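What follows is a single structure, written as structure tokens, with notes after it.
First chain written, first letter: the chains are A, B, C, D, E and F, and each begins at residue 1.
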Amino acid sequence: MTEAKPLSASRIAVRTALTLFVFVVVFTGFLAGAYLWTKPAIEASAAEEKMKLVDEVLPRGEYDNRLLEDTLALPPTPALGLDEATTVYRARRGGQPAALVFEAVAPDGYSGKIRLLVALRADGTVAGVRVTQHRETPGLGDYIEPKKDKNKARPWISQFNGLATASLSPRDWKVKKDGGRFDANAGATVTPRAVVKAVFRAVEFAAANQDALYSREGARP
Amino acid sequence: MELLVAIAIMALGAIVLGAALGYASVKFRVEGDPLIDKIDSVLPQTQCGQCGYPGCHPYAEAIAKGDAEINLCPPGGMEGVQKLADLLGREVKPLEAEEKPPQVAIIDENTCIGCTLCIQACPVDAIVGAAKQMHTIVAPLCTGCELCIPPCPVECITMEPIGESLDNWKWKYPVVAILPAEKKAA
Amino acid sequence: MFDLFKFKGGVKPPTNKAQSTTLPIAAAPLPARLAVPLHQSIGGTPRPVVKAGDTVLKGQLIGQADGWISAAVHAPTSGTVRAVAMRVQPHPSGLDALSVVIEPDGQDRWIERQPVDYGKLAPEDVRELLQAAGVVGLGGAVFPTHGKLTAAKSVPMEELVINGAECEPFITCDDLLMRERADEVVRGIGIFRDLLQPQRVLIGVEDNKPEAIAALEAAVRARGESFSVVAVPTRYPAGGAKQLIRVLTGKEVPAARRSTDLGVQCFNVATAYTAWRAIAHGEPVVSRLVTLTGNVRQPRNYEALIGTPMGELLAVAQPNPDTDGIIMGGPMMGFLVPDRDAPVVKATNCLIAHSDRLFPPAPPEMPCIRCGECARACPHELQPFELYWFARARNFGKTQEYAIFDCIECGCCSYVCPSRIPLVQYFRFAKSEIWAREREKNAADGAKARFEFKQQRDEREKAEKAEKLAKAAAAQAAKKAAEAAAAAAGEAKTDPAPAALDPETAKRATIEAAMARAKAQREAAAPRNTDNLSAEQQAEVAAIEARRTQAAVPPQSHPNGPTE
Amino acid sequence: MFKSPPYLLQDASVSRVMTQVCLALVPGIAVYVWLLGPAILIQLAVASLAALLSEALILRLRGKPLALFLSDGSAVVTAWLIALTFPPLAPWWLVVVGTVFAIVVAKHLYGGLGQNPFNPAMIAFAVCIVSFPALMSQWPSQGLHLSLAEQANIVFGLMPRVDALAGATPLDALKTALKLGAESGIDVPALLANQDIYGNFAGRGWEWVAAAYLLGGLWLWLRGVITWQVPVAFIAALTAISTALWVYQPTSFASPFFHLFSGGAMLGAFFIATDPVSGCTTPRGKLVFGAGAGLLAYLIRVFGGYPDGVAFAVLIMNICVPVIDLFCQPPIFGMKDKP
Amino acid sequence: MSHYLFILVGAVLVNNVVLVKILGLCPFMGVSKKLETAYGMGAATTFVLTLATGASYIIDHYLLMPFGLEYLRTLSFIVTIAAIVQLTEMVIAKTSPSLQQVLGIYLPLITTNCAVLGVPLLNIANRYNLVESLLFGAGSAVGFSLVLVLFAGIRERIEGADVPRHFRGVAIAMVTAGLMSLAFMGFAGLDKYQ
Amino acid sequence: MISREEFRTIAQNGVWKQNTSLVQILGLCPLLAVTTNAVNGIMLSLATIIVMALANVAVASLRNLIPHEIRIPVFILIVAALVTVVDLLFNAKLHELYLVLGIFIPLIVTNCIVLARVEAFAAKNPPLQSTFDGVFMGIGMLWTLGLLGGLRELLGSGTLLGGIEMVFPGLEPLQVLPANYPGFLLALLPPGAFILLGCMIAWKNWVEERAALRAQQTPPAPTANAGCH
């Protein structure tokens, strides 16, 4: 190392800043290049990811529009248990409303919020429900997630599939233990109660605002 | 365009940080290394050079610089290694040489020729005597480093283990009565 | 009545005192040989003033006090000094120490005793008399008594506490002393009182010794003194000086301070007795009361000469056949004497014949369950289990944080421990390790200072030598210049150096053999770690080597050295 | 012969201490059996066996004397406390997993008796409730009367675990009810009025078991096995916080009586938080430890994710023990005026 | 208001960075052998972490997001943090040699403490605003220091225990951290009202 | 170039002797956080290997250009750039796994191993050695993460290679233990990770002790000869 006579603080500062500057420019450039190169792939896989989720609640065959692009921004909606803005996806078939896919939150799970993705057909039947995020007790309350459900053939969450909302009274929207029509694993009824309640509220909300939801101007293809 | 914005923003940050760092590195420079003194205080100060350095302080410097292992000082023993490991957060390593019991040098008074060679060699002035006179080692001052042995032309210096007396007797570690049920691991 | 305070902790082991109090004090028979250790008190070891072959009289000085904190040692009986040599000590280590071995002549002849009226003496003279008479604390600590007889300058002396508690089980020598010689004890206390001038004198006796209390009270009354004889609750270690001071005065003496700083001083009753004998009868301390008890047929207190072999003394009490050892002191703080020949010393208040029947071996040591019993029993309110935890792990720094040096080794903690851990042993181990370390550290500091001094000196010598050389060179250059100037014609000049070296090379041959040997040895020692040294280090090593070679020069001028 | 002073020793031993703890548990166990059936006896046996076997195994592996340590009784205390905190009809392997984990990991990895920083029994409970929450929250429903043989069959998996047995403890039931919240119209006093579940003042049956633990605990204190600081601080803290919230909103918070006599409160106060090994040892430290455990137990059982909080509260306080003790060192002899 | 309290309690206890989120383990393991060093490391980390959350929030919101440069987060955050650490180090070395002696060897380790980068990233994932970010950052740091100190206390005690040979040292420390983490699961749910 | 001997030491150090997880006790966060199954652990290790190797090359080649006072920021800059590239790649190609690994991909930057190796090795050694060092350190990390992940998975759910479908769509996890194995959930949670890692470290201590014992029992031939009478 060169043991030159000590430079002044400002000289050193300038020298260091310049060296760092050069390195930063080079590496940021490199990084930005990489970003631009992978960008399309990332966007594609993000979209695919979303579609995969949607596919679980709403079969592809039921609509023909590009669902991810026919969206509506929803402000925070207490009826859905949401305290932040979300997006509603609108499925159409031949231009006609087919189904709504939207998020809902059950605030009163055993250990906090349970986030759901709900698909409600235009005819008032539930196409499907999926849990997207939860913190329920592993091994006890987590059977709401089909992957964790011991009953692989008919996971608990699939009970919602095809429910005709119109034919149900509010009393039915309960677990069997409370006199409703939904099963629940013995020893863990807090979680299903919360989910059932949330789905019920979400479906009611969507049904009541169906027209507005389908028609309001959002991003249309 | 995006690329240029990215580079511009990062470059701005780089200049600010670089300037701050460069400035601080000059303004806050510290001299000396307090670590060396800490290490030195752990070393036994026998000054025997068995570590391969001319005395304890140079060895401490070498450790602080990261040039030397912490297990080179036989007089410090495993305990010293342990202390250094604690101080520096390094792993404990077994000592390079085996530990010796404490000892003092004794000069055979009949053989000594009074050459003063051992006086020069003793790092801690533990030998008294004048040229052509018989030399004696002041036992309490002797650190047992053995440095005086090689220079003696007539081999009159020997090392003797320090015996137990009422002054240095120590209570032993209490015998632990719990013994393995089965034969002790041989 | 007197308001008593309490000390925390303590235990109540069975006292076992009744056995040895049935008979009065008797004189122990004269042994065949006495070995009197010179070091019998805290402080400096007395210097022997007799040598083998000397005849001595009873009470004749044989060891001169060495320094102020030290006490003289005297011949216990008349006879001949057989040796001044290393003899086994009454110490757990079983190591030897310098002792005066005396063969009694059987006549037990006193030297001339000089009673004095201490009232006429200056206090310093009284203290010196006590030192010369070898009066030391007989409560166990054997601290030279004269050293404790000065009041602190800044604090008024409030209480003089006299320790007649005798809290250890089995021991009854103080009890019998107080019963039979109460008057002399009270007179001895009078001496202490006069020297220290306390406001009150409190004599503390455990309430399980009613006879002693009665005797002392009678003696105090008879002498017209104002001492209070106080019965304190029987609880070990009520006789510990700090505990007794606490109980009687409410003062707590911290470990780091002296009791005089709090205006209290404490003496054992036997110490007071010996002080009186020394002053008023001119009798130095040559004997003491020893309780012989335990696994013996006839427990009793004896007045035994210092230096009596313990085995021989104990035989007087007729030990049972299964006796397999002797405990010196009580069962709580005493220790098994490693050798039956160890002599009775001033600290020997009791010998207990040991047998497994009397003291069953402790069940195996279990791990500490942190139950806290020991902490509740500790009279010094320490946390013995923490001390143990760290002592066991050899974490001595932590033991000091937990105040290991406040531990008085009373044994209460071991006594109560459900895990049967020899806690006190761990503490003794830790303490002696810490002391050893302290010694080592002092030695290392000294070594470092001397090393640095030597280095400086070497530096200076080098510099001086260089200067001298430079001067010589300059002088030579000047001379040469002058010569050159003189021989202007430019004669060929001769170099004087080889000529100067010649005689030296010749001399060197004479000790070549020795040098070769030394070199071989040096080389055997040298290679260690030298191969991967940095350049500077190698340079430094080379410099050291150079210095050594240089140092080898001086003796070469004395060729006949090796044969001397 | 190696002997060291003092040569006199008091007549005391670890096994005696542990035996006294077991004895003190007996009244509680008796009431338990009387009111809730004999299944607990099976669990006690299973746990004790598992504890002794695993302890023997690991002692062997570590080359320690078997007889000495097996007879010290500490493993049995651990085992009994595990059995008493697990649901009485839990499958046998659950108890075994918990016990083995307690003995091997929580106790012997730290060197065995006396050296474990965490309470082994509570580690067992925590491990099992975290790993097997379903099984750990199945308590026999009230009024379920099964014979010893039937209960044994359930425990050993020979009989299906009927749903009827999936009751909940009073604490759990209360918590579940509260979760349904105001909209379900349930308030605490109404709920607790249900004699079938809540008995006289806490859970039906449970209140008397707890009372018996209290009795056993007092006996331990009289015998000097435990000191007063931990139980008193524990109970005081639990009472204080539960009273405060109860007074503040009696419709949503249960009374202090309920909290003191349900779940593991009494067992915890006298037998678990008092574990000398894993708890604080200084007098003031014990007060802090007990109060902290009581407070946390309440917070966890009322606001947290688990029906009862005693186990986690004790474990959390175990973590703090060294630091608490460090700051609570009592002054030593002669140093009282100095801080 | 109570929302902020829950964020804080959540960060300190319920979602403790070390024991629940599993971040910052290397210094947690490395600097917990002695209580003394644990105090120092805790203080230093608290300082750096709080500063880092603030700085990264500002960078993210005012430099990166407006230009859609989110992919530069990692890069810009970590470089900023490294600079902050180095500045802290220099300032400490100059102003407090005693602190430097205790922390000298460990301060550089802070840069490689995952928590210091992880917490800002979690802030973004949680979409916290500035105040929330700072609270979460400070809470995490306090949580880190708290468990570090408690852990050091236990480790000092275990030093003296008769731990089986092969488990001595890091292995038993790891087991201890596991049991601490188990105990911390007891806090689960205490922040659910957030 | 690199000698065989050098190569062997580098390999040995990386894989066993200086194993980052078991000996250096560094890089613990990913080690414990992502090893809920073997696949996660292995994939993250692969990402780390790439970063480490490239970072070592970069630093070793540029080491003479970097001024001392900004050494650390520049090293970090290099590492961070590489990590971001890997992050982008995972996002693009293995999106599901990307979501599972979450912040632990960007956290490779602060993985102490990477910087420690850069500081300790690459900054002082030529590029080739540094590359190998990075790769073998990574391999050491890979097997520990894989093993720990596998153990946790097996104990926790009775399966192996869970999550393999995220890397190779179409493959299925193996059910190793009986289907009615209740699952020891603790193993999948943080406490289980800590405890199992503790056991792995103890296991390594045990292996080394045995190796040392064996080496002692069969001393090298000449010594044995000299030892006999």
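Following the convention adopted for this analysis, a contact is a pair of C-beta atoms (placed from the backbone, for glycine too) under 8 Å apart; a residue touches a chain by one contact, two chains touch by 3 or more.
Everything numeric in this text was worked out from a predicted model, so none of it was measured.
Geometrically, the chain at the heart of the complex, using CA-atom means, is E.
Two chain pairs are in question, C-E and C-D; the one with more C-beta pairs in contact is C-D. Between subunit D and subunit F, the centres computed from C-alpha atoms are 41 Å apart.
Each chain gets a centre from the mean of its Cα atoms; for subunit B and subunit C, those two points are 32 Å apart. Centre-to-centre separation between subunit A and subunit D, using Cα means, comes to 42 Å. Mean C-alpha position of subunit A lies 64 Å from that of subunit B. Looking at subunit C, one finds that residues 362, 364, 366-367, 422, 425 touch two or more other chains. Counting partner chains per residue, subunit D has residues 4, 65, 68, 105, 111-112, 115, 127, 130-132, 305 touching two or more of them.
Those residues of subunit E in touch with two or more other chains are numbered 30, 71-72, 75, 79, 83, 86, 157, 162, 164, 167, 172, 175, 179, 182, 185, 188-189, 192.
Across the complex, subunit D meets subunit C through its residues 1, 3-10, 12-14, 16-17, 65, 68, 72, 74, 111-115, 227, 276-277, 281-282, 329-336. Residue ranges of subunit E in contact with subunit A, taken from their complex: 71-72, 75, 79, 127, 188-189, 192. By the touch criterion stated above, subunit C contacts subunit B in their complex at residues 39, 89, 91-93, 95, 97, 362, 364-366, 422, 425-426, 428-429, 431-433, 435-436, 439-440, 443-448, 450-451, 453-454, 511, 514-515, 517-518, 521-522, 524-526, 528-530, 533-534, 537, 540-541, 544, 547-548, 551-552, 554-555, 558, 561-562, 564. Contact residues of subunit D toward subunit E in the complex are 62, 105-106, 108-112, 115, 117-118, 123, 126-127, 130, 296, 299-300, 303-306, 309, 311-313, 315-316, 318-323, 326. Subunit F makes touch with subunit D in their complex at residues 182-186, 189, 191, 195.
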